[in-house]
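Chain lettering (A, B, C and D) follows the sequence in which the chains are written, and residue indices restart at 1 in each chain.
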Amino acid sequence: MNIRLPAIIVLIISAVLFALSWNSYGLAVTLGAFFTLGIFSFLYKDNPFYKFCESVFVGVSAGYWFVQLYYQNLLAKLIDTLGTASFGWIWIAYLLAGIFGFMMLMRLAPKIGWISRWPLAVIVGATAGLWFITYLQSNAMRQLENTIMPIQVFTGGVLDWYQTIGNIVVAFGTVTGVVYFFFSKEHKGAFGGAAKIGIWFLMITFGASFGYTVMSRMSLLIGRVDFLFSDWLRLVQ
Amino acid sequence: MAKGTQGGFWQRLMAIDRRVIFLAVGIAVSAPFFLPISPKIHITPEVESLYNALKELPAGSKVLFPFDYDPPSAPELQPMAVAAITYCLENDLKMVIMGLWPQGPQQANLALASVIEGEVGDVITYNGKTFKYGIDWVNLGFQEGREFVIQRMGSSFAAAFPRDYRGTPVDELDLMRGVTNFNNVDFVFSLSSGYPGTIEWVQLAGDRFHARIGAGNTAVQAPMVYPYYRAGQLTGILGGMKGAAEFEVLVGVKGGFGTRAMLSQTFSHAIIIFFIIVGNIAFFVGGRPSRLKGTEEV
Amino acid sequence: MKREIPLIITGVVGIVFIVQFFIPHEPFSSLSDIFSDWFSIIEACAIWLGALNLIKLSLDKLGKPMLLVTSAIVVVALIVGIVGAPDEFLAGRFPLILFAVAFLLMALGQYSRSKMKPDWFFALTTIASFVIMLIAGLAFSGGRTFQEPGTHYDYLYRSVYTPLSSTMFAMLAFFVASASYRAFRARNREAAMLLVAAFFVMAGRVPLAEFLGTLTPDAFSGAWATTGGFLSGAADWVMNFPNAAGQRAIMIGIALGIVSTSLRIILGIERSHIGGE
Amino acid sequence: MPTPTIISARRPTSHPRVFTAVIATLALIVAFGARNVAAQEPAEVTDTTAIVEAALTPPAPPANILADDAPNDAGGAIIVRWDKSPDEGAGLDNVGAYQLLRGRSPNGPFDTVGTMTAGMTEFNDGDVEDGIDYYYVVEVIALPSPDHPNVEPPVSISRPSQPARSSAQWIHMGRLNSLLAVVILASSILYFISKAKGGEKLFIRKIAGLEAVDEAVGRATEMGRKIFFIPGIQDMNNVQTIAGVTILGRVAKMAATYDAKLDVPVPRSLVMVAARETVKQAYLDAGRPDAYDEDMVHYLTDDQFGYAAGVDGMFVRQKPATIFYMGAFFAESLILAETGNSIGAIQIAGTAMPAQLPFFVAACDYTLIGEELFAASAYLSREPKQLGSLKGQDVGKFFILLFAIGGILLATFGVYNISHWFLVR
């Protein structure tokens, strides 16, 4: 009983709050608050209320995507084109796209599920082809192009120490970082030393990444707290 | 027990129920909403550089807005979107809104609604000026296909987006008549929270089709796009809520969410730093917990 | 047949995207446009597949009698939707009929092996919320203008989808805090460097020192302002120089990894995506 | 004979036509001016004459309209450039916008192609047919006058351009450097794959995390506790998952040898199928097919947080001695690694997701960073295709290091800046 009583009190208070907010601010905000608190209740412990909210989330988001993809993609792009374009190569190409799409859905039927490998092959092949080029261009050649530059920077005829030291750090860090990812040579001697410095640079990078991730996650929470205080309870403006 | 009482204290401190930690975070984030302090916001060079790139655009320029995020990332990206839309309306830049995420165009409507006076309709008013849908702004909606949509837009916007978000054929929209591909838009303002997002816009729209790009990102993504900024593939970066707050200050949005939330953000960082320091003191003073024990409370 | 055709498709499509980059002439530019459109449409179907799979798995958890009742209710709801859908057949009735057929086929397929599982209730809520969203979007939100502000679809997006998805992610803030308290240790030199860099970024990217300055007597506020400037400058420096260098090294490594994997996939050396050798 | 005729026919005719165009332009200017003046209330004309004149006089038309085929494309595009109007930023300073018009003959009729803001001097017309001559004129529109909101801003029109026709090119000239890079990389990868297939031993350096695998598996046996293996949350079409499953094979073999209990919860049904095959094979290879149990690999759920919560619960209840994370991870990495750390398990992680690496580095005992994950799977599996491509990638890295170090030195000492060699258009 000791454990149940606080739970019952919390439930009653929430019910009163929801009823009040429905009455004064409308259903939309109340629903929002209900689901927000429902998910947060997991922080105390796993409970049926949370599981209910989670299952609603799964269903609603699947339904959301289903509708979006129908109107924006399958209807606007595939069906409308088939309906309006005159018969020709383009029309046949779109018909094939429709057939491939249908083959994808065949995965639901275990016996002919293997046919879904055909559209999957289009997806995998297209991704491989496009990524082959874009990563080579943007992530290798463009970065190399920008790494190669004079180390010293002059601003108004005077050596700019901040930028110059920065350039040394970037050049040094990029080179030693790439050395760390070299696999066909043992990390020994000068090469091993460079790799060691490379891993330090990677660690600083991960530190920066970590700091920014913390920032991001906290922002998400601030957004929810703002919803509860300003939109729902209207305690702050 | 050989470690003495001090070790015992630290060990006990480490074994604290994690709900206490959750509560501390909750308080740190909530309390600032009730404090009347607004900290000063320092403008970083990458935000300023994006703002300057926008300032170079003359009135009437076309800005493509890929809204590639969903509600969970809205606290970070929505303030950026609001500030960017405000800037466009104030400076008569034409907006072409689209999304590689289905939620994006809807978030764009929400952002637009919070900037203008009245409802989002065919004609909107802001600051006494009126703007017409199809002439001053369009919302092309969402299209599936991730980076392949960008690739397709490189040859034809109308092929990638046959209809806008409300089902109107794109060639019936005046604004889209002069826009065949990336050559006809003056700036791309990518707002993104993951894949597909800014990185794909840089790789395809920027490097392949030579569009000028600026980006607003969630903080998680920001460190990954810095090399693109350094290499000149991006004109600037707004990183997370802090970037949003800086951009709000530059654009002159009054009482924007980014600025309002900065104190909560500050408190939350402080508490995380505090936790890391306490955890590490416990680690070094209290001794490393024996591996074989493996019975700590969760 | 089951292996060769996918391999050929993968190779042809991949090669077209590579060749088109170097040879802008026809037919490569048109082919890459067509394949981009295919990608778009197939991906859409793949996501439909995911949604249908979810329903199929949920039906599996209901048990036979419950499955029958649920199917009956869903079918009635779909009929109401089909009747109430907008006049343009393709913009409402057609997808609803398609889903109704798929649903009945799945229900029939699952019937014989369906067994009541402990979480049947949550499976039921999943199905119910999916169907509600579907009918609201396809039948009662005005067809093609379904996501205009004010439609039922938009209402559910704002009042149900948004809070649920946002809160789900916001929980990570709490887990980050708990992890930083209990797991982030300077257990060796590398981890120590990581934590120091993280400290400068976390402290320098928010006005932490400035805030502390407002709490202390005026005599110290100047010192805090200096600290704020220093922390912020340090964060700028870390982001622009060492971080950019490290990220660049990772990018170059990943780029080469992707190039070689893509090459193996296009040439058919790597086949795990079509079910192995 | 037709070819010279066309060329000769084109050049001379353009001069008289330009002449007519000039006259036509002048006439247009006069006509617009007259129309606008006529539309004015006389009272307004008299107030501030200078402003009215500036508002009613069109800016001078832009000169030097140059139209040419857009280079390196599939055809269908013409680039038009012009000199800005003398009245832009100087003179009357009243340029509002430019409008580009296109026609099939220098005399028109002309259709609007696009509108540009003041300051623009170039337009890419991507809506033309190959092999047809097009003539362009640029119309300059005056700024609307705030004092005369009802007056339509006056315009003036340039002379038409020389004819231009679009065509497609066979080779993109700005991308030859990239083509060379593709050839070098692809051939070295394929060369080393074939070499590895031929039985040649290719060296791979030691990877710290892998040395610890033996110890970690042994520890689980000593403690009589489980080993958990998490192959990421992505499907089999992700390379990282493939690498993870390869590593799983090796771990399973050790587990079979040491007689430790293995548990592999997976988030995708395809991964389950692949992982079961791999584990079964590993137990066979270790000579312990009797110890293999299909339920060692089991499906949980596709949902990201549902999966994380499920695995979390298993960690807490079963208190494994060792946990491996090998594959593609997202936000759930943190939840998993923190729980694993708190129950005192030895944790070895590997992923190429940059945003998740910090959590693994901080919370795990060993972490394979980025490419190390792929190297580890090549190292453990000794598959020729993996070994060979790793070696080929190293060739790429070697060239990158060579050019980076050499290029920086050359540029710093002012010898020559080679960075533009790597610019891909």
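As a convention for this text, a contact is a pair of C-beta atoms (placed from the backbone, for glycine too) under 8 Å apart; a residue touches a chain by one contact, two chains touch by 3 or more.
In this text the structure is predicted, and so the values were computed from the model without any measurement.
Taken together, chain A and chain B share the touching chains C, D. Chains A-C form the pair with the most C-beta pairs in contact. One inter-chain figure worth recording: chain B and chain C are separated by 16 Å, centre to centre, where each centre is the mean of the chain's CA atoms. Spacing of chain C relative to chain D, judged by their CA centroids, is 19 angstrom.
With centres defined as mean CA coordinates, chain C is found 6 Å away from chain A. Shared interface positions of chain C, defined as residues touching 2 or more other chains, are 18, 21, 29, 36-37, 39-41, 43-44, 47, 50, 53-54, 91, 144, 147, 157-158, 161-162, 165-166, 168-170, 172-174, 176, 178, 180, 182-185, 190-191, 194-195, 198-199, 202, 205-206, 239-240, 243-244, 247-248, 250-254, 256, 258-259, 261, 263, 273. Annotation for chain B: residues touching 2 or more other chains are 22, 25-26, 29, 72-75, 141, 143-145, 148, 151, 155-156, 163, 165, 167, 207-208, 220, 223-224, 227, 230, 239-240, 242, 265, 268-269, 272.
The residues of chain D that reach two or more other chains are 74, 178, 182, 185, 237, 305, 342, 354-355, 358-359, 361-362, 369-371, 390, 396-397, 400, 424, listed in rising order.
On chain D, the positions that touch chain B within their shared complex are 74, 77, 97, 113-115, 117-120, 123-127, 223, 225, 316, 319, 321, 339, 342-346, 354-355, 424-425. Residues 177-178, 181-182, 185, 202-206, 237, 303, 305-306, 309, 354-355, 357-359, 361-362, 369-372, 375, 390-391, 394, 396-398, 400-401, 403-405, 407-408, 411-412, 414, 417-424 of chain D touch chain A in their complex. Listing the residues of chain B that touch chain D in their complex gives 58-61, 155-156, 177-178, 180-181, 183-184, 186, 207, 210, 220-221, 223-224, 289-296, 298. Across the complex, chain A meets chain C through its residues 27-29, 31-33, 35-36, 39-40, 42-43, 51-71, 73-75, 77-79, 83, 90, 93-94, 96-98, 100-102, 104-105, 107-109, 114, 117-133, 135-136, 139-140, 143-144, 147, 166, 169-174, 176-178, 180-181, 198-215, 217-218, 220-221, 223-224, 227. The residues of chain C lying in touch with chain D in their complex are 18, 21-26, 28-30, 50, 53-54, 168-169, 172, 175-176, 178-179, 182-185, 190-191, 194-195, 198, 247, 250, 252-254, 256-261, 263-264, 267, 269-270, 272-273, 276.
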